[in-house]
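Multiple structures follow.
Heads up, the next two complexes both have chain A, just with different partners, chain B and then chain C.
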Partner chain A sequence: MFMTGNEVIAWAALAADADFMYGYPITPQNEIMHYWSRLAPHFGRGFLQTEDELSAGFTMLGGVLVGKKCFTATAGPGNILMQEPVAMAEMMRLPGVWVIQQRGGPSTATVIYSQQELRLTTTGGNGEGLRIVYSTSSHQELFEYTLKAFNVAWKYRFPTFVLGDGYQAKMRETVTLFRPEKRGWEMIPAEPILRGPGVPCIERDPVHLRNTFNIEEELYETLMKHVEDYERLTPEVVEWEAKVRADDTLLLVAHGIVGRAAKDAAERLQRDGWPVGYFRPVTVRPFPGEALRKIAAANPELRLLVVESAYGQLLSIVKAELYGYANPLETLLRPGVGVTTEEIEETVRRLEKREG
Partner chain B sequence: MSAEDLSVHRGILENLNMPVSWRKETKPHRFCPGCGHGIALKALGEAVDELGILDRVLYGCDIGCSLLSWDFFNFDSVQTHHGRTIPVIVGAKRARPDVIGIAYMGDGGGYAIGAQHLVSAAMRGDRITAILANNTLYAMTGGQMAPTTLPGQKTATTPYGREPQKSGAPLHGPELVAAIAPPGSYIARGSVGNYNQLKQYLKKALENQLTGSGFSFVEVLSACPTNWRTNAKETWEFLRGKMESHFKVGELRVPEQQTGGEEN
Partner chain C sequence: MAAELWKKKIVIAGEGGQGVQVIGELLAEAAYRSGQQALYIPNFGVEQRGGVSIAFVQIANGEIGFPKFQKADLVAVLSPRSVERTRGYLKPGTIYLYDESAIKAPEIDDRTIGIQGWETVAPEAFARMVGTEEGTGVRPPGGAGLIRRGIPAAQLAKDKLNPRVANVIICGAIAVLLGVLPLEQVKAALEEKFADKFRQRPELREMNYQALEMGRKAVQEAAAP
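Coming up: the complex of A and B.
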């Protein structure tokens, strides 16, 4: 199939047996709603266009509470508003799939190419960022990680994000759609959290969910259980892509669509005999820090070049993950603009030449 | 309250005629003495009992004093964020129309921070029952001015009295909703000062959802002696005198099947 990234996500949600989408228009994610609202009635699925992103997020949580597989999609200022319902989902351990097609910022800014919502998507809200975020780099990944997000969200009960961008959303490229069962992927069904079977008080206790606590220790105990669960799932969930050889002296570090350009640049440079590897986190939260530290520890001389379409958002994560490691850090920070394979190649050639 | 007091209190409660849908384990409730929430929630509990829908209700409460009702009932409930109860219940109802969705909030939640949700759910005719307690101020946070604060009323943020020229006139919520809600909506304003009438309104609001007729909204005039700084007599006078003369109690919209005639 040859289609846009937004269309891919609508098909992926359908294949994942999503029951309901709640959404509010904002570019560049609109066509997810367009395709979904066209498909939904033919497959017995639901759609509600809400009054804003606060409502899109909270209505989605309502659907999740009564046992439906629900999702929403947004971008930029809409992502800011959605941090409020995401915070409630973190506290109450409500699953759900949140698709973010990043746009330029701050403010309304632009709608095509940006990675400036990394920090917001991974650690936004008034909490600890207990969420799972997949940063995709191709339409095939948009499809497969959207499917995966539905499973991971309902398995671990943390808010789960597919982090794309306007470029992936609007670009057309080939993708192979498939039914998960045909590949042996078992899709986890949703269960009602509230209003499950049984008469409350007669056949079961009523379920009362809250997010307000009377004393600090009560919150601490609840939250630390979530933190422990999150730390336990981390090794099961983290994903990354890397190619680094023992004699490489430079490691390109990038995620998402920029990660794709970085991988492309590294492969081209390697073919030309340059000692350049690449590391691309697929889960940007939880971050594959252990994998990156292993690479850094294997060669303390290995220099890292962090490339992103933001002014240091991935960089700050990399710095925190490599605290105590002496590997030199270089950057190519291009907030809100595209980063091409050629630009990365040129930066590498310049850096290596200067040093070499 | 000491453990001994609590057990005496619980002993008394055992012999009281509480709605079946009230959760005895969480009584006495956590509202201040003289608060209107207990009366409103008793009326709601009895309405649910009489309709026999305990096993279908999904109850959502807002942030503000209404949050204290999170474990008040024997039906499944969720405490949401300030102003966001309507969307949570709307989302559940859309996904599972068999659920009887009740969104319970205060005047700040429904008329200020969550006004867009009330307006939009009413406009869309969402089949939920929204209940809003109007006590003319933000009580949980210390008695600040609300959209419903009466002209001249002193609050923590209008210490010299609310001046409508500076901060607007009190919002008439049911009238606002009645102006935009589609046919089939049930809209009323009751008062904890008239229990039987209030219970009838809440029951009709739930019946309107049961028949799938449309959106239902009941504003409940409530009392907050703590922040009004009033004794029992003054509380009653403020509620039945000042509030009820400013906010007219009655039904604003009654769908055809409930009146047997044309919608007014």
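Coming up: the complex of A and C.
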């Protein structure tokens, strides 16, 4: 199939057996709502447009509580409002899928594109950012990681995000859609979290979900259990893509669609004999820090070039993950605009020439 | 031995009523149907309402990287204002296809912009006076290294078919200049995109096919010494 990324997501949600989408319009994710609301009635699925993103997020959690597979999509200022319901989902350990199509920021800025919602999407809210965030780089990934996001969310009960951007939303490219069962992917069904079958205390344990605590220690105990759960799932969930050879002297580090440009640049440069590898975190939360540290440790001389359409958001994660490592860091930071393959190649040629 | 990798980067620019996004979609769809990799992205955003509309297309026999790029292999320019907007994409060897017709490019006036609700690609259907009034044709930039090909697409469309298919003439010309897209696949892409219209008015199919052929012929004549 040949379609836009927003269409891909609507089809993926359908394939994932999503029951309901709640949403509020904002460019560049609008067509997800449009396609979904066109598809939904034919497949017995539902759609509700709410008065804003706060409401979209909270109504979605209501749907999740009664056992529906729910999702929403937003961007930019909508993503800011969405953090309040996401924080509640983190506190009450509710699943759900959030699709973010990043636009320029801060505030209204542009309706077009950026990677400036990385920090907000990975760690927004008044807590530790206990959530899973996939940063996709192609329509095929948009489809497959949206499917995966539904499974991961309902398996581990943490809010789960598909982090795209305006370019991925609007561009058309090839994608192979499939029914998950045809590939042997088992989709985890949603069960009612509240008001499930059986009499509480007699036929089943009662459910008591809290987002308010009276004493500090109660909160601490609950949170530490969540942190443990999160740390346990990390090795199971974390994903990355990398190609580094032993004699590479430069490593491109980028995520999402810029990761795709970095891969393209690295492969082209490698064909011309340049010692350049690439590393792309697919899960930006949890971050594949261990994998990156292994690469850094194997060659302390290896210089990293962090590339992003933001001013230092991925960079700050990389720095934190490589605390104590002496690998030199270079940057190509372009907040709110795309980074083309050619620009990355030029930067690499300049950097490597200066040293060489 | 692995086949040699190639990639064609194409920029198409025109006024918001000239159908440049349709050209982009048709080329990408035709490439996809030919078993190639294709990626199309419109420029979108609030600023371009009533302004120059640009389509970016990449066609390759291998993976395609970032959706936008610095330099193009082919630049198609449909209006005088688009010359400046696309200058940055030129490099030695770029094929510069332009509409040399002395016909005024359509414009979307402020009132139309006020009443339409598009926030993404240009509202092409709302354009006034599509390709009927006289004006100046596109003057290609000077400088060595460009392969210039001027065709009178709007004039041909107005005289022989319908002003609205000028973009399909350009599309046929681009397909020929690229050398990697069979016109048959562009026809199939037209079929897909305009299925409903063709069903209601089968004569439109024939007109669009003729427009493609006209584009092919015009560009071959333009290339003749």
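Keep in mind that, in the parts below, the second predicted complex is superposed on the first by the 347 of 356 C-alpha atoms of A that agree within 3 Å, B and C clash if a C-alpha of one lies under 4 Å from a C-alpha of the other, contacts with A are read in each partner's own complex, and residues count from 1 in each chain.
Convention: a residue touches a chain if its C-beta (ideal position, glycine included) is under 8 Å from a C-beta of that chain, and two chains touch if they have at least 3 such contacts.
This one's a predicted model, so the numbers in the text were calculated from it and none came from an experiment.
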When chain B and chain C are modelled together on chain A, clash or fit: fit
Partner chain in contact with A:F20 - chain B first, chain C second, else both or neither: first
Chain B versus chain C as contact partner of A:C70, first or second or both or neither: first
Which superposed partner A:T59 touches (first chain B, second chain C, both, neither): first
Which of chain B and chain C A:G46 touches, first, second, both or neither: first
Touching partner for A:V199 - first (chain B), second (chain C), both, neither: first
Which superposed partner A:T341 touches (first chain B, second chain C, both, neither): second
Chain B or chain C, by number of chain A residues touched: B
Which superposed partner A:A261 touches (first chain B, second chain C, both, neither): second
Distance of closest approach, chain C and chain B, by C-alpha atoms in Å: 23
Chain A contact footprint on chain C (complex, rising order): 25, 28-29, 32, 37-42, 44-46, 63-71, 119-120
Contacting residues of chain B [partner chain A, same complex]: 23, 54-56, 58, 60, 63, 67, 70-71, 73-81, 84, 87-96, 99, 116-117, 119-120
Touching residues on chain A, where the partner in the complex is chain B: 19-20, 22, 46, 48, 50-52, 54-55, 58-63, 65-68, 70, 84-85, 88, 92, 194-195, 198-201, 206-212
Sites on chain A touched by chain C in the complex: 2, 27-28, 30, 110-112, 166-167, 170-174, 257-258, 260-261, 263-265, 338-343
